Amino acid sequence: METNRVEAFSDGVLAIAITIMVLELKVPDAPDLHGVLEVLPTLLTYVLSFIYVGIYWTNHHHLMHLTKRVDGGALWANLNLLFWLSLVPFTTRWMDESSLSTLPVLIYGLNLLGSAIAYSILQARLIRLQGADSTLARAIQNDAKGKWSLAIYVVGCAGAFLSVWIAVAAYVAVAAIWIVPDRRIERAVASQADED
Amino acid sequence: METNRVEAFSDGVLAIAITIMVLELKVPDAPDLHGVLEVLPTLLTYVLSFIYVGIYWTNHHHLMHLTKRVDGGALWANLNLLFWLSLVPFTTRWMDESSLSTLPVLIYGLNLLGSAIAYSILQARLIRLQGADSTLARAIQNDAKGKWSLAIYVVGCAGAFLSVWIAVAAYVAVAAIWIVPDRRIERAVASQADED
Amino acid sequence: METNRVEAFSDGVLAIAITIMVLELKVPDAPDLHGVLEVLPTLLTYVLSFIYVGIYWTNHHHLMHLTKRVDGGALWANLNLLFWLSLVPFTTRWMDESSLSTLPVLIYGLNLLGSAIAYSILQARLIRLQGADSTLARAIQNDAKGKWSLAIYVVGCAGAFLSVWIAVAAYVAVAAIWIVPDRRIERAVASQADED
Amino acid sequence: METNRVEAFSDGVLAIAITIMVLELKVPDAPDLHGVLEVLPTLLTYVLSFIYVGIYWTNHHHLMHLTKRVDGGALWANLNLLFWLSLVPFTTRWMDESSLSTLPVLIYGLNLLGSAIAYSILQARLIRLQGADSTLARAIQNDAKGKWSLAIYVVGCAGAFLSVWIAVAAYVAVAAIWIVPDRRIERAVASQADED
């Protein structure tokens, strides 16, 4: 099976997840600076979630680019990832509406952690399918960045019980290390293009 | 006519149907464990409907993969399927908001049954179009799995009048037998690829 | 310019328009037959609008299939059509929430009329671009069906002042004559395929 | 990396942004002319935002058409543009619900300005990637239209403090100069097609 329809469906779900968060943005009561200040925290959490979905889309784009074939298991690994990412608008809203209470901040982190684990599972499945000496396998290698992310999420979630700002800092930190596009894959894509 | 735009439109509708259910998830009033328990049943029904739409997307993906050409009748058979699936977020919400009352649970089942019948109609139409000795016709054969699903839905809907849990068990059972990807088609795809 | 991205964007807008109408479906208060009867008229208007968007998608699909190239004017003619169709969920909701009052029923008809005119403009533009002896021009010819639709809409809108049921009958009638896929184009597609 | 998936994802986000604004349209209380007059200003702001998203889609379509390859930086420049455009439904709603108060009108203008700057960044990045003597670079040249737009937005935003109508006039003016499709690129596409 080819990957183009998996990409199209994933693009659809991610495009919706990234856009419907705007529907959550409530128009402030007063059309003045007070209203702007009221909407600002919501806007910032929206920006964070937008960046996260953007990171997943970018990485998914890279991952699929090096994938030649998928099977039924990979389709479900992909649906599992989409499930976790489709929850992001909900956990974002809860975190925001609770004004960063401990539990919703923790749940947002668990949502990010679940997404990261789902991504790892999909990645492992695709690497197995393409073979150990495929361009994809060589591009990902030991995936240090992915493992670091999981570790930082766990620390952040645990830290939420001390202060929600530890958790928020952890979520921002992981976004920061991923916003740089995955050089390993870009290099692999470039070297593969050279071979062709 | 080729199938790519039918796939793109179907992907769009299914991606929206699967994602807007998150908009239904209401943020609990209290940011504590009580709130989590409050949101849990809703989340479980969301998971069930997500899996159902995922199953239909996966099967639709397989079905279209073996389809070379469509006609006007197939387009409408496909729109009929999309209609039933687009109702899933609504019947899911009703079932959940009624706390699993008999009638909404029954209606959810009728929605699933309608979707399954619509899928059978689309499948029959596509098999007729491709011909009796096509890869698609050989892959589907007598479609025992599809017939079993219809039977279990009917039993589940009837059972809803005794206990909603009979119905829920039936809906979960059908999801379980379909979550395993359609081996018949995967084998057919593989054998076709070998022939090419 | 090629048509594939115009198709993708149109598919996206139409998929959303056809699906978000479900968000309008309000869960009835009572989980009993009374609730079902309450939701039934809304469901019927939803079905009508679903069929209309489905008709436009099917016809758009056929139209683009015979279109080799588009220009900036065609892009805007297409956006104009999408604009009218994106209003359908709104006018459907208004018509339904007013329990079929005269003015909302009239406005729904004007929305359908506007969509039909926008479609004619797009079609005329595409025929001009492909040339008078193109497969598209020969397939559409004098477009009697399109002209009849406009006439029936006008009669229906005027009739709304006497009785909303005249208008509703007109809207259903036009849907009925279009739900049959456009044989002219199917034949043209088939004959073109034979030539190739 | 190729551009097709960037286009598909952008089409998805823009299709959603352009369509969900209809969800904001509130059904008027009274089903009479009073209700129509009530909904009319909202409809007009919706039309303006629809045209703006349509302009961006058209220009994005042209831009990507002349783009052969993208890199990670271009993906993020594109996501940045989508972010600004995804805010349009929110700022449109705020401007409308405040009945054109100064601050929301200003914020709508800043949203348009941010989108325009994001588009310029994406365009500059893509030109750099394709090379100075690429068709794209020659098609865009000094981008007078883009620079004029930025200037008019700034004047409009400043003018909002005197009268919101200055701002609204500026927003309409920029839309008017862009609604004409980008001849430079159309000419470049045509000349490139001639060369091929």
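Order as written gives the chain letters A, B, C and D; numbering starts at 1 within each chain.
Here is the rule we use: a residue touches a chain if its C-beta (ideal position, glycine included) is under 8 Å from a C-beta of that chain, and two chains touch if they have at least 3 such contacts.
The shown structure was predicted, so the numbers you read here are calculated from the model rather than taken from an experiment.
If you lay the C-alpha trace of chain B over that of chain C, the rotation comes to 90 degrees, to the nearest 5. Placing every chain at the mean of its C-alpha atoms, the farthest one from chain C is found to be A. Interface of chain C with chain D: the two copies contact each other largely through different residue positions, with under half of all numbers used appearing on both sides. The distance from the centre of chain C to the centre of chain D, each centre being the mean of the chain's C-alpha atoms, comes to 26 Å.
If each chain is reduced to the centroid of its CA atoms, chain B and chain D end up 37 Å from each other. Of all residues in chain B, those touching 2 or more other chains are 8, 12, 15-16, 20, 23, listed in ascending order.
By the touch rule above, chain C contacts chain D in their complex via residues 1, 5-6, 8-9, 12-13, 15-17, 20, 23, 71-73, 75-76, 79, 82-83, 86-87, 89-90, 93-94, 97-98, 101-104, 107.
Across the complex, chain A is touched by residues 7-8, 11-12, 14-16, 18-20, 22-23, 25, 27-28, 31-33, 35-36, 47, 50, 54, 57-58, 61, 64-65, 179-183, 186, 189 of chain B.
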